[in-house]
Amino acid sequence: MNLEFGLMLGGYGVGAVGALLMPGGRAGRGIAAFGMVWGGAAGLALSLQVLLGGAAFTLEVPTLLSIADGLAFRLDALGAFFLGLVGLLAIPCGVYGFEYVGAYEGRYSLRLLGAMLNMFLLTMSLVPCADNVLTFLLMWEGMSLTSYFLVLTEADEPDTIAAAGWYLAMTHVGLALALAGFLILAANATTTAFGDLRTAAASLTPAMRNTVFLLALAGFGSKAGIVPLHVWLPRAHPAAPSHVSALMSGVMIKLGVYGLLRIGLDLLGGGPAWWGALLIGLGALSAVVGVLYALMENDLKRLLAYSSVENIGLVFIGLGAGFLFLGLDATAAALVAFAAALYHALNHAAFKSLLFLGAGSVLHATRTRDMNRLGGLIRGLPWTAAFFLVGALAIAGLPPLNGFVSEWLLFQSLLPGIESRAPMVAPLMTLAVSVLALTAGLAAAGFVKAFGITFLAIPRSPAAECAHEAPVSMRVGMGILAVACAVFGLAAVAIMPALAAALAGSARLPVPVPGFGSGVSLSMPSGFARMSPTLVALGLILITGAAWLVVRLFASRWPVRVSATWGCGRVVQTPRMEYTSTAFAEPLRRVFAELYRPTQDLSIDFHPESRYFVQSIEYRSEIVPWFERYLYAPLVTRVRRWSIWVRALQSGSAHAYLTYLVIALLGLLTLLIVRPG
Amino acid sequence: MGYVLEVAQAALALALAPGLAGLIRWLKARLQNRRGAPVWQPYWELAKLFQKEVVVSSNASWLFRAAPFIVFASTTAVTFLVPILAVPLPFDGLGDLLVVVYLLLLSTFFLSLGGLDPGSPFGGMGASREMTVAALAEPTVALAIFALALAAGSTNLGQIVARTMADPGAFLSPGHLLAFGALFIVTLAETGRLPIDNPATHLELTMIHEAMVLEYSGRYLALIEWAAAVKLFIFFALLGNLFIPWGVSVVLTPTTVAVAVASLLVKLVVLAAVVAVLETRIAKLRLFRVPELLSVSFVLALLAVTSSFLLK
Amino acid sequence: MDSLFSQLSVLGSSLVLLFGLILLWRRGISAYVGAFAAQSMVLSAVIAIVGYFGNDHELYWVAGTLFLLKGLVIPRLLRRMERRFAVEREMEPYVNTASSLVVSGLLVLFGYMVTRPLVGLSQLPTRAGMPLAMGLVLVSLFVVISRKKALTQVIGFLMLENGLALLAVLGTYGIPLIVELGVALDVLMGFLVMQIFVYRIHETFESIDVEQLNRLRY
Amino acid sequence: MSPFALLLGPPLLAAVLAAVVVPYRPLVGWTGALLSLSSVGAALVFWSRLLAGDVPTSGPGEFLRADALSTLLALCVSVVGALAAWLGPGMGEDDGYEPAQARRFRIFSSLFTFTMLFAVTANNVGFMWIAIEATTITSAMLIPLHVTKASVEASWKYILIGSIGIALAFGGTVLGYFDFVNMAGRQDAALHWTVLRASAAHLHPEVIKLAFVFILVGYGTKAGLAPMHTWLPDAHSEAPAPLSAMMSGVLLAVALYAVMRWEAVVNATVGTGFTDGLYITLGVLSVAIAAFSLVIQRNYKRMLAYSSIEHTGLICVGLALGPLGTFAAMLHLLNHTLAKSMMFFLAGRVLHRYGTTEIARVSGLLKVMPWTGGLFAAGILAVVGLPPFGLFVSEFALFRAGFSVGRPWLVALILALLAVAFVSMIGHLNRMLYGVPTAGVRTGEDRLWPLIPLGLCATTLVVLGITLPAPLETLLRQIVAIVER
C-alpha cells in the first residue's frame, strides 16, 4: 500500500468524515478545507512520484466488487498526470473554499457540502487510478453523483434544479455510452481488467474498434463538454459554488479527455486516421461555438463555462492531431501533438480555476453575477482584480503566461500536418490553424469584455459600489493559482518532456522522449521553431522598467491632475452612459449574425401627453441557442409524445387490461403453432 | 557584436518610427495640394506631449496609468525580434513570427483596457471595435505566417528571410504574393489606416484607435502615440524584409550594415508612398463592411497556404 | 367399451361447451346462472364417468364436491346477489351477440389447433374431448372481456375454472386428489372474495357496471 | 421442530392470534412482529445448511423442499414480511388506521406472508399454484383497507386480472402434468418439481412449450410483466404502504420464482432457446412500457410501481443472458426487493405526512422530514441504478453478460430505456425534495424508530454495492446451477 496513496485516501477521508461530524461553523469548514489540502498534496506527491519516477503503482482489493474481478488500482504515467491535476487544484480550491463557504452559513448545510466536496475530490483522484472496468465506472459515477449534489447546494436558486437535472441526465447518458464501449471491449476478454482489455482489443474487428472508439468519444465527450454534448456545462457550472465550478471546469472535464485517451490510445492502441480528423472537426466546432457563445454571455460564470467548452475544443484539436499523425504513422509528431494537448489541459486547469475563483469572490462581494450590474470593482477588490487580470491574460493566450505557451505549442504541433502528403490532412490542418487563431482573437476580445466591464470604469449598481475585498484565504487560493499560471508558462521546457513521457510507450508512440529545447529556450523537437518564454517575459519587464525610468527622468515635473472624464461638454456622467457588456459584444454579434440570428425587440412607452417624450425604453435581444433548440428540444418532445402514447395503454378500463392479457396469450400461442421448431 | 546591432536596430526603429508617420502625413498633404506639416512634425508633438501636464479621469484605476507603459514595452520588444537590419540576430531564438503577433495582440489588449477604464462611451466604443477588428484579423495573420513558414521550413523570422534571400524566384511565387496581399490588408487594419479607421479625425462614428486614447494626455499619450508609430514601422519592416529581403545584411560588416539601412529606408519610403496614395484614393469603409475586407484578406491567406503546399 | 367411454366423454364435454356459449347468446343474468349450474352438473357427471370407466374411485369424491360446490352452493349465492342488485339485463356488451358467437366459433377452432399436439400424444380414450375443453377456456376468456357487468365477469371466471377442470380430467384422469381438493377450495375462496368485492362495488358505485371503474388511469 | 415449521409456523400463529383477539390490542401487533423474526432466522438456517451442501426437505415424499432458489426467495419474503410486521399499522401509535382495520391488516398480512413462504418451499408444483392463488386472495382483501372509490376499483381489477392469470397458470400446470402422465404414467409424486425436473429430458417438446406459454402468461400476470402489468400501478398506488411494499418487493419475485421453476424443466427439455426468446420479448416490453410511463408521471407511488415493472422486466431479460446473466438477475432480484420495499415504506410515511400522492403537491421534503427525505433520495438513487448501491453492480453484471453472450443491440436498447427512466425519476425526485415546503405541512420527523430498519436496508444495499459476500456468491452460483444445468 503506497504511502502517498494512503495519505491521499486518509486526507480526503478525514475531510469528508470530519465535515459530516463537526457541527458546522468555522471548525467544520476548517476540517473540510484541511482534508482537501492534505489529500490534494498527497495526490500531487503520488502523481509526481509516478510521473518522474516511472514506476507504476498498483493495488488490488479482490474482496471488494468481487462480482467483476475486484477493486483494482494501477497508476501509470498517463493516470498520474490527471491525478496531479486533481491534486494541484484541490489545494487552492480547498484554501479558497474555507472562507467562501462562510456565506452559506445559515442557508445551506455546510456539513453536506464539505463531505461531498471531499468525496468528489477522492473519486476524481481515483478515476485515473482505476485498472478495471467496474472500478473505473464506480469512481466515474461517484464523481458525477457527488458533483451533482454539489451543484444542488444552492437548491433554492430558481434554475439550479433544472441545471442539476440536465447535468445528471447528460453524465448518465455519457456513462451508459462509455459502459457500452468498455463492455464491447471486455466481451471476449476473460476478466474486465485493463490488461486483458488491451489483449482483447487486438483481436477486435476494425468495425468493432471503430464502434468502441465512437462510443468512448460520445461517452467521454459528453463529460468533457464537446459541442453537441456540451449543453449541461454552461448550466451546471454557474449553478455550483464557485470553488466547485473551478474544480469541475478545471479538472472534471479533463477526466473526459483522460477517458478518451485511456480507451483510444492505451486500450485500442490508436486507430485509422479518420479518428483524428473527427476529433479535430469536433474540437474546432467546440472551440468556435464555445468562444462565440462566451462572447455573448452577460453572466460572468456562464461566460467562463462557455470558454471552458472553447478550451476543451482546443485540447481536442491537439488530441485529434495526435490521433491523425498516429494513423499516418508519424509517431514523433503524434507524441508532440498529444503532449501539447495535455499541456494545454494543464494550463487551462490553472487559469480557468483562477478565473472561476475570481468570479466567486466577485459573487461573494456583490451577490450578483450579471456583468451589466457590476463595474468599478478594481477599487473595492484590488487583489481579485489583479488575479482576474492574470487569468484573463493567460486565457487570452498573451505572452508571457502559460496560455500563450500552450497555444504556441498547439500551433507548432499542427504545422507538420500541413506538409504531409496524405490527401485530406493539409486542408484539415489549415482549418484547424485558422480556427485556433480565430478563437485566440475572440477569446482576447471576450476577456477584455469580461475584465473591463466587471472591474473597470464606474460601478453600475450599489452592490458593485460598496463591494469589499475577499477574505484572506480566498486571496491566497487565487494567489497560488496565479503563481501557477506564471510558473507553468516559464517552466514549459521542463514540463513538456514529462508530459511526453506520460504518453510514450503506449500505441507505438516513440519511447525515447524527444527534447523540447534546453535551458530557457523552448524548441519543437522537429527543430521547426524556437522561442523562449522566460526571455520574452524578462525583455518585457526590462523595457517597461526602462521606459518608466526614461519618462520619470525626462518627462515634465507636473503632478498628475485628476478630473472628470471628458464627455463632449455634458454636465454629469452617470453609469448608464457607460458601455455595457451587451454593447461591447454588439459589433461581434452583428459580424456573426448568421450564427446568432439575434432577435431584437424594442418596446418604448411614450409619455402619456406627447409622443416626443419617452418614459422608458426596453431593448431585449436573444440569440438562438442552436443545440438546445434544434437537437435537444425535438428529442425531449419525441420522448414525451411516445410516453403520452404509452400512457394511453393504462386507460383505466378493466376490459382493455384483460384484452391485453388475452392478446398476449393468443399471440404466443399462434407463435407456437406457426413456428413449432 | 550581435547584441550591439540588436540594440542599435531597436534604437533605429524607435527613432525612425515617428518620422515614418510624419512622412505618410506629409505625402498625403502633398497629394491633396496642401503644404502639410513637415516630416519631423511628430517629433515635435512627442517632445511637447512629454512636457505637458497629465490629466487623469477620476474613474480610472492604476491600470489606466500602467497601460501606456505595457503597450510601449510590448511594441518595442517586437523591434528586437523583427529583422530590420541584419538576419542572424542573437535574439532570433527568442521568438518567432507567432510571438511577434501575440505581443502586438498584448499591446492591443492593454490599450483596449486603458480605453475602457475611464468609463466614457468613446473609450468603450473604441475598445469594442478595436478588439473586434483584432480578433477578425488574427486568422489571416496566422495563415499568412504559415504560408511563409511552409516555404521557409520554420516560423523563425531569421530563417524565413535567409531562405527567401537564398532563392530569388521565391518572391514571385504565388504563395508569397498572396501572403503579401493578405498581410498588407492586415497592416492597414492593425495600424488603423484609412479603409478601416481614419487616423486623422476625431469623429465619434468613425474613429477606433483614437477613441481609445481620447482620455490619455501628457506623457502617457506620448508613449501611446510613439508605440502606434513603432507598430506601423514594424509592419512596414515586416512587409519589406520578409517579402523583399534583399539588402538585409547577412554577414556583419560596416558596408553591409550601411547597405541594409539604405535599403530599409528605400523600402519604407516606397511603402509609405503606396499607403499615402491609397489613403487619398479610397474613402473609409462602414464599420460593418470591415469584416468583408478582412474576409478578403483571409481568403488571400488561405490561397497562399494552399498554393504553397500544392506546389511543394 | 372404450368407444362408449370416449363417446360419452366427448358428448359430456361438448354439452359443457354449449352451456358456455349460452352466456354469449342470452342477455339475462339469471340465464347465465342457470347455464353455469347446468354446466357444472354435466362436468361432475363427466368426472364420474371417467372415474367409473378409469376405475379410479377417488374421482367420485372429486365429482361429488364439484357438484355440491359449483352445482348448488355457488349458483345459490349468485342468485342471491342477482336479487340483491335487481339487475335484470346485461347492458349493451362491447360485442353484439351475432359477432360474439362468430368470435367464439373461431376461438373454439383456435382451441383445436392449439391442442393438436396434445391429442396426438395422449393414448387415453378421452383425448378427443380436450380441444373442446381448451375451446371453453378461450370462450370464457372472451366472455370476461366482452361483458360489462361485474357479476357476468365472475361467472365467466368460474366457467374458465370449469374448462380447466375438464381439461385436467380428460387429459390425465384428474390431478392427484389433494391438489384437486386444494384447487376446489381456492376456487371457492376466490369466488367468495369476488362476491365481497361485487357487494362493495355496488355500495360505492351504486351499480356493478365495470365501465364506471375507470377513475385510476396513467 | 424442523426449520420448515420454524419458517411457516410464525405467520400462521400471528394470523390466528390476530383473528382470536377481537378487540384489537397493539400486543397482537408486537407479538406478530417478534414472530416474524423467527421466520427470518429459519431462512438463514436454510442458507447455512445449503452452504454445508445438503438440501433440507421435510414432509412425506419431500413435500417441502428448500433448495438455493427457494432459500433466496424465502429470505426475501421473510425479511419483507418482518418489515411489514414491524412497520405495519396496529403497533400502538396513531398511524391513521382504526383498530378494526389494523386487526384486518394483521390477519391478512400474516396469511399473505405464510402463503408466499409456502409457495416458495412447496416442492409440489400444484401446491405452489394453490399457494400463489391464495396470495392473490389474501392480498386482495387488504387493498381496500381504506374504503375509497379508487381502492375498490384497484382491488376489483387486481382480483379479476390476478385470478384470470392464475387460472391460466393452472392450465399450464395441468398441461405439464398431462405431458408427464403420458410419458411416465400416473404416480402420486408426479407433480413434484424434483420428479418433473429429473424426467424432463423425456418430456414431449411441443406440449411442454405449450404448457410454458400458459405458465409464463399466467404467472407473468402475477409478476407484473407487460402486457399483463396493468393491474400493478393501480394496486400499488391504492394499497396501504406495507402491503404495496410486500407486493412490489416480493410478490413479483415469488411469481418470477414460479416461472423459473418451470423454466428449469423446459430448458432441460427443449434447451434455453425457446425460453430466452420469450423472456427477452416480455422483458424488453416491460422495460419499455415502464420507462415511458415514468416520463410524465404525476403520482409518486405509481412511479415506484412502474419502476418495479421496469426492474422485473430487467430481471427477465437477465435470465435470458446465459449463466452470468442469471447470476446477475438473481442478485438484481435481491437488491430490488430491498430497495423497493424500503421505498414503499418511505412513500407511506410521506403520504401520511403530506396527505397526497401527487408529486406536484409534495415539495421541500428535505426540509419537512430531513431523515425520511434523505432515505427517500437514497432509495431513488439506488432504484435508478447509481453507485454505491447494489443495483448499480447487478445492472453492470447484467450488461456485461449481455455483451459476452453476443446481444449488444439488446443491451444498447435496454441502456437507452433505462436512461429515459433515470432522467424522469431524478426529475420527479428533485421536484419533491427541494423547493419551499408545501403550505400547511408540519415540519420535523416523528416516530423516528421505524427509520432504523429502513436505514438497515439502505446500508445492506450499500454493502451489496461495495462487495459481494462469499456466502451470497455461493448461493447465487447454486441457483445458476439449478436453472441452467
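A, B, C and D label the chains in the order they appear, each numbered from 1.
We adopt the following convention: a contact is a pair of C-beta atoms (placed from the backbone, for glycine too) under 8 Å apart; a residue touches a chain by one contact, two chains touch by 3 or more.
Please read these numbers as outputs of a predicted model, since none were measured by experiment.
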Which of the chain pairs holds the record for C-beta pairs in contact? A-B
For the pair chain A and chain C, the C-alpha centroid-to-centroid distance in angstrom is 70
When the C-alpha atoms of chain A and chain D are each averaged to a single point, how far apart are the two points in Å? 44
In whole angstrom, how far does the Cα centroid of chain A sit from the Cα centroid of chain B? 36
Which integer distance in Å separates the CA centroid of chain B from that of chain C? 101
Mind pulling the residue numbers of chain C that touch at least two other chains? 114, 141, 144, 210, 213-216, 218
Residues of chain D whose C-beta touches two or more other chains: 156-157, 160, 164, 206, 210, 233, 293, 296
If we use the touch criterion from the header, which chain pairs count as touching? A-B, A-C, A-D, C-D
Which residues of chain C touch chain D in the complex? 114, 117-118, 121-123, 137, 141, 144, 150, 153, 157, 160-161, 164, 167-168, 171-173, 175-176, 179, 182-183, 185-186, 189-190, 193-194, 196-197, 200-201, 204-205, 210, 213-216, 218
Note: in the complex, chain A contacts chain D through residues 63-68, 133-134, 137-138, 141-142, 145, 152, 155-156, 161, 164-165, 168-169, 172-173, 176, 179-180, 183-184, 186-188, 192, 639-640, 642-647, 649-650, 654, 656-658, 660-661, 663-665, 668-669, 672, 676
Residues of chain C touching chain A in the complex: 94, 110, 113-114, 141-142, 144-146, 148, 210-211, 213-218
Contact set on chain D toward chain A in their complex: 156-157, 160-161, 164-165, 168, 206, 209-210, 213-214, 216-217, 220-221, 227-228, 230-231, 233, 278, 288-289, 292-296, 328, 331, 381, 386-388, 392-394, 396-397, 399-400, 402-404, 406, 408, 411-412, 415-416, 418-420, 422-423, 426-427, 430-431, 433-436, 466-468, 473
Contact set on chain B toward chain A in their complex: 50-63, 69-70, 72-74, 76-77, 80, 91, 93-96, 98-99, 102-103, 105-106, 108-109, 112-113, 116-121, 123-125, 127-129, 131-132, 134-139, 141-143, 146, 149-150, 153-156, 214-215, 218-219, 222-223, 287-288, 291, 298, 302, 305-306, 309, 312
